[in-house]
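Look at the two complexes coming up: chain A is in both, with chain B in one and chain C in the other.
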Partner chain A sequence: MMTSRINPLLILFTVLVYIFLMGPLIIVLGASVSDTTYLTFPPQGLTLRWFENIFAISAFKRTIITSLELAFLATGLALLIGIPAAYALNRYRIKLPTWLSTVFVLPILVPEIVLGFSLLKSVAVGMQTPIFLTLLVGHMLLVLPYCVRVVSASLASFDFSIEEAAVSLGSPPMKTFFTIVLPNVRSGVIAAFILAFITSINDVSTSLFLTGPGVSTLPIQILAHVEQFFDPTIASVSVLLMLLTVAVMAIVERTLGLTFLAK
Partner chain B sequence: MLKRYAGWWLAAPATLAVLVFLILPVAATIATTFGEDGGIFAPYVAFFNSGFRRTVLWRTIEISLATTAISLVVGFLTAYVVSKSPGKLKSLLIIAAVFPLLTGVVVRSFAWLIILGKNGILNNFLVSIGAISEPLSMLYTQGSVIVAMVYLFVPLMILTLVGVLENIPDDVVQASASLGATPAGTFRQVILPLAVPGLIVGAVLVFTGSFTAYATPQLLGGERQMVMGTLMYQRAMVSFDWVGASTIAAIMVVITVTVVLAMSRIARRLNPMAT
Partner chain C sequence: MTQALTVQNLTAHYGATKVLEDLSLSVGKGELVSLLGASGCGKTTTLRLIAGFLEPTSGSIRLGDKDLTRLPAYKRDIGLVFQNYALFPHLSVLDNVGFGLKQRGIAPAEREKRAKAMLERVGLSQLADRLPGALSGGQKQRVALARALVIEPPLLMFDEPLSNLDAKLRVDMRVEIRQLQRANGTTSVYVTHDQEEAFSISDRVAIMNAGRIMQFDTPETLYQRPANAFVARFVGFENLVPMKVSARDGATVTATTPDGSQLKLSQDRFGAIPDAFVLAARADGLAVSTDPNAEGIPAKLGLRTYLGRAYQYQSDTAAGMLIANGALSSPLEPGSTAKLVPVPDQCCVLKPE
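After this line comes the complex of A and B, so read on.
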């Protein structure tokens, strides 16, 4: 009933906006299956050889593996230190100073590219750490705020008297955390994992300064490849990344419902 | 002892990680710009004395402001229609905004490279319908960077503002209508002012995101449309001028932090629901 009152021009505008949003991604999809050596749309012929070509180029194979390892490890580490922090911020809210929660907003205030450059100077060069380790530190910091905030948000609606009840009935604190608290904030942890994972996989700005000889991430490799070649391989790599997005959205839909993402 | 400080112990690893790997390195980067010969502000004097670097700074500000303004208008109007759509359609429209948002920056910028290139889709199309006789050079212009940046940030704006618009209580809107306001009047006088804090949050996200962007200006602007992010990379990795790069980093941090703090202040003051 409300719909009928929206100005038709506004509806037309919205349709155009969605064409603008979807069009480029559909073009990439079309270009990735085109049987031509250059990027074109609509596709001429139909082939999957550009997808095979991804795995024929060792740099892509290597960076896909690096990016996946990095995303899993960085997200895992960020959750490992982020969940206790989120728990402390909620459970001991009165005892802890307010600036402590501000600490976890700081990574958002610092531009990613500045974080990457600073880690290059202070950690990679200053402490002579291996490239992968520096990348891991960068990505962990990149995703830590998501982990703390999302888990914190779901802990905010958790009734800590349930935990107290379990403890007063003799359950040890650690066991209580894993059997009572964690299952209750499961959806928050899954959401944090997924947001963090996709952020890490797609990151350019933090990784930019932290890749080096032999170790690079997929988005950085794509940037380097585009500057030299302009064939449909990049389009097919892009489609792989879009499939990953679809997978992520399917997991979110299964566990939390997609409306979660609009919050 | 352990029990008394349990909160501190639990928060310690994450706090230390931020301190050791974020605050200290970034502070060190900024500190190196003040220890130079020729006066404490020498690198900044050098930055602002260079016509080229001043141009880069202004270009970055222009691109970011244009991106923010366009994303605000497009995002707000779209979010309004999405929030008023019936259930099923609304979820579909939200999914269609989430999908590009979760697809990486590189993929989304690359798409515009195919569209705007010399032999790109748009040029081929315009030539084939006879609108132009020669392909236009659309890439590596300020316009191409802005289009791709708007493309990057519109989904974020839509999703932020749908959330804001959904939170506007229905009875406020109904009260306005029952008191005789036209739908357009309600939109202008009730919905828009209530959405202002959300619009500011969205604007800050888009402005700081565009101001510090790297991948999109690199792919669609190249050397010809250098911005702060690409200039910083060039200074550090091509010219090995680390002090110059650190100076750019410090300017970015100062502008980002100032914008965030100033705007959140304004957002609080403009919030009509605040008491």
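After this line comes the complex of A and C, so read on.
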């Protein structure tokens, strides 16, 4: 019988990559439960009071809510624009100029800092819009490319003659979109939602320019906090963000399986 | 025969390119008509225009007493069978078949009853609860057929429905399609590039080229009496020899071949012969003769191949390379000279292009 030999060097590299990837996370996790008033690793003592502390600091409480609101609204709006855009780009691929699909990727190609700065100049200052609205526009622009690209990828393998079959059987085009097209790109839409949501919740560069008095996002608040304090609250907030992301992924894993993200 | 589908003077463009020119076609009630041609000839465009997925530049489409020309596709009430089946991947076989009935507002119980009955007819009732992904190609196409038939459409259209199936299944399926179509008396339009498929199941076939119908006739007529050189070539007339009439004597015509040699043809046997014409013949239509007095085209024989029923010769003539058949009893060697004698029943006299 043939046995495939595994190169010990390969094992070494694999382990190193894992340490490199997971190490920082473990350090943050350790630091967040340390019973000291400064950030340290390995943790000394064991406490959850830094997690309690997050909610004692009203700025954290506020920004967590703002971040969640922003992520949900920005992602929702981006999907509302992105799904029809992706549909049109795929459905009428032959008729549309090729640069059109590039337009929808531009926000990814433009450095986020530039996006934030230009929005600050043109929208926040130029149009005197409320801070939350400017943030919403910024985040929506930020996540729109993910929505268009991921839903597009899903639509690219969708056979549009299926849609025509439904129409020929008497289903009006709009109804067909909801009953036939959408259910078949469901996994793409969910993947787009997750990517967009996580991108929005973790964004710093764009938000940095757009937050203002009274309205901030969690990552920006973390930055502001670190500038003044060095207690483990920061670590516990980071763990909270991580848990949020893991929770989203866990839901996906349970409902769809993670493999579809690789498609 | 009453006309079910009438297409008149249909012209269509893709952007600036004209893809269909002044096309007229009528299909009788219960008739199966095929649109046959190479890819790009406009057959699928015609089908998509009738289905309402494309808009014509001009012309009209009528189905029964209904004008379809500007009607949205979902209101046309046409059953469609696609090349790649186009089943709804997220619905069970039963729900796929019931989809059209649902759009027509038919109650769930009645819908299920009718869908099941139709599945029974295509022999798939035991697969009603499966998803399309779990079916073979032939089963998928049966579901697609059932889905299109269950709405009892006044017109059923097929777009290359068998192209994705293997050869054996193709033959079985086309018989099945024809039987179902006959039994239901459903007026049908069938698009294919496969001549055998079109000829075997159609009442009439429209042979198309470059956005026009070249000839619209029964398969028998098309096969034996093509109306022009394009159709002749399409149905396998390998030899097309341009000729001119140099003398007429009653029913007998003296025709001159491009090299100047003459042969006499009887209009009683070849039909009316115009002054300039093209003699079209399959290999069977040109008999190889060594009789020096035979009325034929002089040829120098080349490669000989054995066909079982005859020998076939690549024959070098002044009209180019012609393919002719010779008797099994007297095989001739390459390089020998002979005459290629047109066989009246196997030849056609066509107008020059």
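Quick notes on this one:
Following the convention adopted for this analysis, the second predicted complex is superposed on the first by the 248 of 263 C-alpha atoms of A that agree within 3 Å, B and C clash if a C-alpha of one lies under 4 Å from a C-alpha of the other, contacts with A are read in each partner's own complex, and residues count from 1 in each chain.
Note that contacts are C-beta pairs under 8 Å (C-beta built on N, C-alpha and C of every residue); 3 or more make two chains touch, one makes a residue touch a chain.
None of the values given here were measured: they were computed from a predicted structure.
Following the overlay on chain A, a side-by-side fit with no clash is recorded for the pair chain B and chain C. Once the two complexes are overlaid on the shared chain, A:Ala166 sits against chain C while remaining clear of chain B.
More residues of chain A are in touch with B than with the other of chain B and chain C. After overlaying the two complexes on the shared chain, residue contacts for A:Pro43 are found with neither chain B nor chain C. In the superposition on chain A, A:Gly188 makes contact with neither chain B nor chain C. Of the two partner chains, chain C is the only one that A:Ile180 touches; chain B does not reach it. With both structures placed on the common chain, the touch criterion links A:Met140 to chain B but leaves chain C unconnected. Taken over all C-alpha pairs, chain B and chain C come no nearer than 9 Å in the superposed arrangement. Common to the chain B-facing and chain C-facing surfaces of chain A is no residue whatsoever. For chain A in complex with chain C, the residues that touch the partner chain are 159, 161-162, 164-173, 176, 180, 183-184. Residues 2-3, 5-6, 10-11, 13-14, 17-18, 20-22, 24-25, 27-28, 31, 38-41, 80-82, 84-85, 87-89, 91-92, 95-96, 100, 103-104, 106-107, 109-115, 117-123, 137, 140-141, 144, 148, 198, 201-202, 204-205, 208-209, 219, 222-223, 226, 230, 234-235, 238, 241-242, 245-246, 248-249, 258-259, 261-263 of chain A are the ones touching chain B in the complex. Remark: chain C residues 51, 53, 72-80, 82-84, 86-90, 99-100, 103-104, 144, 147-148, 151 touch chain A in the complex.
Residues of chain B touching chain A in their complex: 6-8, 10-11, 13-15, 17-19, 21-26, 28-29, 32, 74, 77-78, 80-82, 84-86, 91, 93-100, 102-108, 110-115, 117, 119, 121, 124, 151, 154-155, 159, 162-163, 183, 208, 211-215, 218-219, 229, 232-233, 236-237, 242, 245-246, 249, 252-253, 256-257, 260.
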